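Lettered A, B, C and D in written order, each chain numbered from 1.
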Amino acid sequence: MVKRKVCIAVIGHGECSPELQETAASIGRCIAHHDAVLVCGGLGGVMEAAARGAKEAGGTTIGIIPGLRKADANPYIDHVIATGLGDARNLLVVRSADVVIALPGKYGTLSEISFALMAGIPVISVSSWAISDDIIQVADPIKAAQLAIEIASKKL
Amino acid sequence: MVKRKVCIAVIGHGECSPELQETAASIGRCIAHHDAVLVCGGLGGVMEAAARGAKEAGGTTIGIIPGLRKADANPYIDHVIATGLGDARNLLVVRSADVVIALPGKYGTLSEISFALMAGIPVISVSSWAISDDIIQVADPIKAAQLAIEIASKKL
Amino acid sequence: MVKRKVCIAVIGHGECSPELQETAASIGRCIAHHDAVLVCGGLGGVMEAAARGAKEAGGTTIGIIPGLRKADANPYIDHVIATGLGDARNLLVVRSADVVIALPGKYGTLSEISFALMAGIPVISVSSWAISDDIIQVADPIKAAQLAIEIASKKL
Amino acid sequence: MVKRKVCIAVIGHGECSPELQETAASIGRCIAHHDAVLVCGGLGGVMEAAARGAKEAGGTTIGIIPGLRKADANPYIDHVIATGLGDARNLLVVRSADVVIALPGKYGTLSEISFALMAGIPVISVSSWAISDDIIQVADPIKAAQLAIEIASKKL
């Protein structure tokens, strides 16, 4: 029998500044350092930077993409889930995670936060949407990643 | 060839107070008076009250339900779309509308607002989530319904 | 309370011969004559011809389309359900019907037949896939439509 | 950058005989021996046996489940994708694979074959549905697994 690893989703802008990319990458590295799996939307911006960080630290990455072509995933994804469901794939990204870390993003990110909260999956926001007390606000990205690991480990 | 009618979604709590039900019903009646079609999630609370209002005024109602059993729809739905997709059906409710009217609701309502804004579908909020300037805030439900009809008519 | 009408899905090729179009249209007309609602995938070929037939006979038509743009539906659709789910919308077409009539089609049609049979929705084939004894084979399209109405009426 | 591994789906009955389980397990072992990833529907029967075989040979397994609870996956799944989409998750199983191996199964299996063929993903049948010349028929499970690896390797 498998001892399933903790799985953390990182969500946010599909296109973003070098600063936000570095924040995402540092979270990805921290997730991998703790031997957790990273899941994301598999495309660019925050998704790519987080996956790059996780791979730099020797981790495992899953990308759940909107289209049918696995080649559309960013080059840091180990396992591509090709959905063909368009933006509806947002639901799957958060539902496959034990905890969600939200970085700044627009309505796609907000939809993911909404569906995580509907499903009772904890959401940690690092300067992202602050629309509910159910979202845990953590300013520092490393502390956010560590808290995510801690909460997720208790759930398993 | 068909002259397609305007279609307005009404979203909000699945369980709600008599006051909120009356608000939803008045919006449903107004939509039907203007010969527009009402689309909703097909279950209880705001969904049922809005559909009841629309039928009282002789209108047409569509309910897009999470499950597979058409009998689970509320009794004021003419056309039941049985999805079997669970909460993912939220996306379809707003995508099938020309304009969305949001009444108070929780994360399900927020997910619907998010997906409407992602798809560029106008959202009018009547005391619902005020998380973006892209949402049109209208306090009076009848004025909200009239504005929805007006905006939707321009889109067709 | 609404007395819900019987709803029949017609599925088959998205591009087809004039003969197959006439078959689909005759089924659509028969569905409308019996005051039943037609549901289909909303695009061309069998879907368009069946919807045209239903409208010629004064019926009501629902089109569940793969994309987000309601304008992509064929011109004989009263109510467009815009899913944005791509071919996954095939599931919704059959799940929203009380009975499915299958005309010749390829793997999309086969996927719809499979999902109808999974959900226990009766399938009547008019020269379509004959891959199971659970599918009712009827050579004549009018008799197929009449049988569909009959079976669906018993379910309500 | 990641060198993405070949990914093979194994589909078939959710409940099955010890013989069919052994067939599925031998395919899973062969997939893992070739350093390929196994993807399946994550539940019992063929899905569980194939995943067990892959884990016995030190491989990696992905399970795409219909529900929201990751604990519902069988105990041989490394990465659980919790969809909440019900049977619509069938589409994702085949779309995430480079090649599909079909063992005996009912309409769920048929729906997966249909969607694989729609998406142009090769399907190898081991005593499963023989409804099209587009499906490659291979009687021996090990030869089927080897052929799947060979075809998938050419695609990458």
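Convention: contacts are C-beta pairs under 8 Å (C-beta built on N, C-alpha and C of every residue); 3 or more make two chains touch, one makes a residue touch a chain.
Remember, it's a predicted structure, so these values are computed and weren't measured experimentally.
In this assembly, C is the chain whose CA centroid lies farthest from the centroid of chain A.
Judged by contacting C-beta pairs, the busier of the interfaces C-D and A-D is A-D. Between chain A and chain C the centroid-to-centroid distance comes to 40 Å (mean Cα coordinates, whole Å). One inter-chain figure worth recording: chain B and chain C are separated by 26 Å, centre to centre, where each centre is the mean of the chain's CA atoms.
Separation between the centroids of chain C and chain D, computed from CA atoms only, is 31 Å. Computed from the mean C-alpha positions, the centre of chain A lies at a distance of 26 Å from the centre of chain D.
Those residues of chain A in touch with two or more other chains are numbered 68, 84-85, 87-88, 91. Listed in rising order, the residues of chain A touching chain B in the complex are 87-88, 91, 106-108, 110-111, 114-115, 117-118, 129, 131-132. Chain A contributes residues 1-2, 4-5, 7, 37, 55, 60-62, 64, 68, 70, 75-85, 91-92, 95-96, 98, 119 to its touches with chain D in the complex.
Within the complex, the chain D residues that touch chain B are 68, 84-88.
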